[in-house]
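These are the structures, in structure tokens.
Two complexes are shown next, each including chain A; its partner changes from chain B in the first to chain C in the second.
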Partner chain A sequence: MSAQFATKRLGKELEKIHNSLPPGIELVSAENFEEWQLDIRVLDNNPLYMNQTYRLKFRFGSSYPIEPPEVVFVKLPDRAIPMHPHIYSNGIICVDLLAAQGWSPVQNVESVCMSLQSMLTGNTKNERPPGDEEFVRANRLRPRDIDFYYDDNTV
Partner chain B sequence: MKVNIKNWNAVATWRWDIPEDDVCGICQVDFDGTCPACKYPGDDCSLLLGKCGHNFHMHCILEWIKQESAKGQCPMCRQKFEWTEQQNETSIDTTRDQVEPLEMGTEPV
Partner chain C sequence: MARLKLKQWESVIADCDACLKLSPHSMKANYILSQAHLPLHNYQDALDYAVKAHELCVQTGDRSLPNITTQVLRCKKEKWDDQEKRRERQTSELEREVVRMMERERDEALRDATDAGDAGLQDIDAEWTAKIDTVRGIFEKARPKEEQRRVVPDWAIDDISFGFMLDPVITKSGKSYERASILEHLKRNHTDPRDPLTRDPLQISDLRPNLDLKQACAEFLDENGWAADW
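And then the complex of A and B:
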């Protein structure tokens, strides 16, 4: 597949994003077609995430959207990593949608943000994934290369 | 009065016979435009009409289907992606009868 597939598709998405984004999602930076940053907020009163804004970093390969983007939460002085049983404290997200087996090329940056938003909205557990400390200490793999074991699909 | 037409140019437009203002879910380009790999729309960059009701540029959906992780499924509904009979081959010629001229008009000379 030609590399311009990804840039053309991302160009289309950016055009749309500049026009409008759903509530609680804001574009922070998109200087190129390799890495974009967006902020997301949870819109309901979930006490775990109330009044918090979270920073997401998207990295796109040349096979996007046939292959999923790499999406992580980023820790900054004013941006924490949201507490969630599928989000490691280093920002790596373990979610089917972003893995090869759950990704679909009709997904896009906006739909991924909305899915993550609703993943937070629906969560009631003030927990990290099992083995978080060990994983954060030992992991040197990029998110795309990690073989997550989806042990609980209800959260 | 007698009018002699010395010269005329026929102009035709076309579009795929599917609902208008629809885009290919994979590349997000209008169906009447090309997939990102192609230069000319129409026969050179045809559509595959899924039996599940979801349509894509042929080049886009084939790019997806050849991925192992696609499991042969439609990216929209995850049903097995099968396309309609008239486009049973991946040859661009099979789609020729899908092009439908919509308007014919003459251009002032």
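And then the complex of A and C:
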């Protein structure tokens, strides 16, 4: 699959994003077709995330959308990493949707943002994944190369 | 292949024609011929060869399908652009001609009306100016409205590539995708291929051409060639 395929599709996604995005999702930067940044907010009164905005970084390979994008939360002076049992404190997200086996090419940047938004909305646990400290210290792999074990589908 | 890059189109075409005589079902020869004819403005030839290459590619299951699909759409787009340019040139020429003729008539009328006086001449002039404006307005109305045409119906768009569909195939769930896109998806997950929407198991052999949608897409594209590279 040529890189042209990814570029064309991302161009169309961007056009759509510029026209409209669902509430709580904002485009921060999309200067090329390799990396985009978006801000997301949780819209209800979940006390874990109220009044907070989180920064997401998308990285696209040349096989997008056949291959999933790499999506992580980014820590900035005014952007924290949200507390969630599937989000490591370095911003890496462990979610089926973004892994090779859970990804589908009909997903897109907007739908990924909405899924993450609702993943936060539905969470009540103020905790990190088990083994967070160890993982953050030891992990040198890129998110897509990590073999996550999806042991808990309730969160 | 190198000569294709060097833009020596004529000799590329000669080579491929010779090749096609030897093996009429060479997908590659058809594909390269399409690429060589396009820059020479042989739009119909380029399109015919691209369509032939696409057909052969589907039969053989060759992995060039995404590129060939793009080539067919590119040919359709350039052919349409060319037709549009010509049509535009023709209508604007016609408009200029008609206006020129009317202006001549006006000048003649002004010359003939030697005894009409200043006020009379002004009346004649105003009358002709109004007539000419009316004709210009009619030409203006006949011009296609850009913004009106720039809407691509969702049913014609492939949800994987977001491109206009050329050869839609339908899955068991009833959703259609561009053949090149869905094949790429199913091949990547060849150990456990699944429907992108429902995640139900889905084999390549389960796909069926969606002929009605294919025809609807082709008809839309005939009238709206700009949509080919939407």
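Methods note: the second predicted complex is superposed on the first by the 155 of 155 C-alpha atoms of A that agree within 3 Å, B and C clash if a C-alpha of one lies under 4 Å from a C-alpha of the other, contacts with A are read in each partner's own complex, and residues count from 1 in each chain.
The working rule: a contact is a pair of C-beta atoms (placed from the backbone, for glycine too) under 8 Å apart; a residue touches a chain by one contact, two chains touch by 3 or more.
Keep in mind the model is a prediction, meaning the values are calculated, not measured.
Superposition note: with chain A as the common reference, chain B and chain C are in steric clash.
In the superposition on chain A, contact is made by A:65 with both chain B and chain C.
Using the contact criterion defined above for the overlaid structures, shared-chain residue A:4 touches chain B and also reaches chain C. In the superposition on chain A, A:20 makes contact with neither chain B nor chain C. Using the contact criterion defined above for the overlaid structures, shared-chain residue A:12 touches chain B and also reaches chain C. When the two complexes are overlaid on their common chain A, residue A:106 makes contact with chain B and with chain C alike. Of the two partner chains, neither chain B nor chain C is touched by A:45.
The interface of chain A with chain B overlaps its interface with chain C at residues 1-2, 4-5, 8-9, 12-13, 65-67, 101, 104-106. The part of chain A that touches chain C in the complex is made up of residues 1-2, 4-5, 8-9, 12-13, 63, 65-67, 101, 104-106.
By the touch criterion stated above, chain A contacts chain B in their complex at residues 1-2, 4-5, 8-9, 12-13, 16, 65-67, 100-101, 103-106, 108.
Against chain A, in their complex, chain B makes its touches with residues 25-29, 35-37, 60, 63-64, 67, 69, 75-76, 78. Only residues 66-67, 70, 159-163, 181, 184-185, 188-189, 192, 194, 196-197, 199, 230 of chain C touch chain A when the two sit together in their complex.
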